[in-house]
Amino acid sequence: MIDLIKIELYKIFKKWRTYIGFIALGILIPLIHFAMVLEGERTINFMTRNIQESFVFVGKLLNTYLISYIILTSLAVHIPFLITLVAGDLLAGEATAGTYRMLLTRPISRTKLIIVKFIAGVIYSNIIVFWLAFLSLVLGYFIFGVGELLIIDGQMIVIFEKNDVLWRFLLAYGFAALGMTTVASLAFLFSSLVENAIGPIISTMAIIIVFVILSAIQVEFFQNIKHYFFTTHIMSWRLFFDEPIDIKEILNSAGILILHIFIFFSLTLIIFNKKDILT
Amino acid sequence: MIYLIIFISIIELNAQSINSDEIIKSLISRFNQVKDYEVDIEIKVDVEFLKVPESKAKLYFKQPDKVKLKSEGFALLPKDGIDFSPTSIIKGNYTAIYERNEIIQGNQNYVIKIVPLNENTNIILSTLWIDTKNFVIRKLESTTKTEGTYSIELFYDDNFKYPLPKQMIFSFNIDKMNLPQTFINTTPKTGRRKFTDGPIVGKVYVNYSNYSVNKNLSDKIFLDK
Amino acid sequence: MNNSDKIIEISNLTKRFNDLVAVNKLNLNVYKGDVFGFLGPNGAGKSTTIRMLLTLIYPDEGNIKIFGKDLIKERLNILKKVGAIVEKPDFYGYLTAYKNLEILGRISGIEVNKNLIMKNLEIVGLANRFDSKVKTFSHGMKQRLGIAQALLHNPELIILDEPTTGLDPIGMKEIRDLIIHLSKELKKTIFLSSHLLNEVEMVANRMIIINKGTTKVEGEVKELLDKNRIYVRIDVDNAEKTLGILKLTKWSNFIRKYTNNHLEFDLESYEVPMLNKHLVENGVYVYSIIPKRSLEEYFLKITNEASDD
């Protein structure tokens, strides 16, 4: 099994499209850093302008933590796209290339093949999140250093002490990886249905965008059903920046995401095992 | 305003023996013993809309009105509480009216009303509780045009020769706090974001320790960013 | 041939795609050591049958046994001993020939090393292109690489779906020679699908012709394509007149068909000159005498019908 996963990862990383994600983040995040070097202080003054009317404060609020937080918030749709680029191609790509015929006439069960490809897709998704975390926190550290983290949470302004932040980020990135695994599993499911990777990429992104839009509509019906959208729970990494942390809520969101992953994966398994390979 | 004028007239007629201006003068003269100081402070914020960890900082003061807050980490102090020197509280043209005596913190205090005469100032009215023996401010209440009312209670170490407090409790009452829309966390559980209705209340506790007084502080301290 | 020699047993195999019955109650047996020709025009159901043999698609009815075992139940064990090319061989174009074979070998669960891969590349004449990316290969080279991957794990049964498609005559001959080598020297059983009768004739010992998903002809190649079993087409000036001349002779018993200008006779080859002499002596102008193998005609006919469809 390990050998087969290695083979799948080798195939993934031999394709140029895999590197789009890494390059995109490698350009986007330093750009954000650059913008914050120029405009960061103004951004913070804007965020804190009401407090500043009544309070004097000192402290290094423009630091890698704040910027990493902003990056993580802003990339709710962008990262999923980078995930679908690869996950959507895992099965559909074999159909396009015609390599199913070579692959599935080998003494390997279809179930094993699905498992192996899925794991490879999940590994890729986690690597992308890790890359995001590295660029945000580590690169940001060398430019901005560390300090307190200021966030605005609903009707609260919350400031976390310097030493109280890193562990939250590590857990938040871990949760983000779970979210991206959910996206990958949906793209993977669509990939099993078609013969071209474009379809899964577009379908997955369409679903994400529609869910995000519906969740934002301030109508009671949508506000009630949005708790069933996996996109809502992908953003639950923010729960690690509550004080105190609501463990129950986090576990609830994690559970919902894991359930989605399980359903998407199971459907893929069933569909692929029954499928006639005509390509 | 009308009430104020009537009030002033009554007091003027009755309170011939207590001269509020003299009290203020004594207060200022007592404080002027302090040319400059630096002090370690610990700040605890207990405000509805703020979740802030306890912070440590250093406060610098030099007569007449130089103040600087420095911290290695983070520190948050109410603007009106950073400088409790009498001259910062009693600024410009004003009318001081003695109201009564009152005991607070186990001490007798003159209760003096300060009405700023300058239209540009934010403060409408201040009330001072001034210790009758030591001529230190034990309590201050101010009503502002834009930020509601706040009060400051100052506690002193009786053995300390300078009129500098060991603790300040800053309480305030703000009408409304508008938070910027961007970067607002909307986690699944909080759902719809609500603006706060009604006044926001809060307290800030500041403890002062390790005063270093009249050490001839350099002006450079107050220029650094 | 006894049952223990049966490598492939197909019984009542049926596959439908919506309203189209692609394979219809197909039965066939392939024995150990056979080079089995699986013939049919385009759209006859050959590829569908091969895909079912390799579990790429699932039959609606019927049963397949390979090496005496049920294909569905013992799929993994069976496929370990089967090598195949299905239609056009497609590889990971962004990887080298070497890497493609290495990956396919590892997926097959065999011990893959440089010697093994290079040996197979040498067999198909691609050793000098081992580190070229497959996307740079011509069709013929991909075809040969396809055979290399089919042989990689030393299978007992080799299924080749139109392996000479797109090859030039030299390439085709090389493939035919390879098939004969695999059969005679390496004792492999080969299931060869083709739409070219002469290709099958040159290598196969047994064959089947299918059309519209059902068996039309089946048997030993030698028997079916025996040169002695021919019919003759004779082009004449006036078929009616010729019929009149032959009416009371023995030759009239051999007439199978006639039109305005030609007649067809079922004859042994030695009888042809005798008929020709009789016609000429009786004033019939004979324009041409063309011997035809009935099977070839039949296959041509059904091929033409298929391309008209």
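We just call them A, B and C in the order they show up, numbering each chain from 1.
Just so it is clear, a residue touches a chain if its C-beta (ideal position, glycine included) is under 8 Å from a C-beta of that chain, and two chains touch if they have at least 3 such contacts.
None of these values were measured; they are calculated from a predicted model.
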| item | value |
| --- | --- |
| Chain A to chain C, fewest steps along touching chains | 1 |
| Interface ranked first by C-beta contact pairs | A-B |
| Identity of the most central chain, Cα criterion | A |
| Centroid spacing, where centroids are CA-atom means, of chain A and chain C in whole angstrom | 52 |
| Whole-Å gap between the CA centroids of chain B and chain C | 101 |
| Centre distance in Å when chain A and chain B are each reduced to the mean of their C-alpha atoms | 48 |
| Residue numbers on chain C that touch chain A, as the complex places them | 51, 54-58, 75-80, 82, 84, 86-95, 103-104, 106-109, 149 |
| Residues of chain B that touch chain A when the two form their complex | 49-53, 57, 69-71, 73-80, 82, 146-147, 172, 174, 177-180, 182-196 |
| Parts of chain A lying in touch with chain B, wherever the complex brings them together | 46-47, 49-51, 53-61, 69-70, 73, 147-148, 151-162, 164, 218, 223, 227, 232-233, 235-236, 238-239, 241-243, 246, 249, 253 |
| Complex contacts: residues of chain A adjacent to chain C | 3-4, 7, 10-11, 14-15, 97-109, 274, 276-278 |
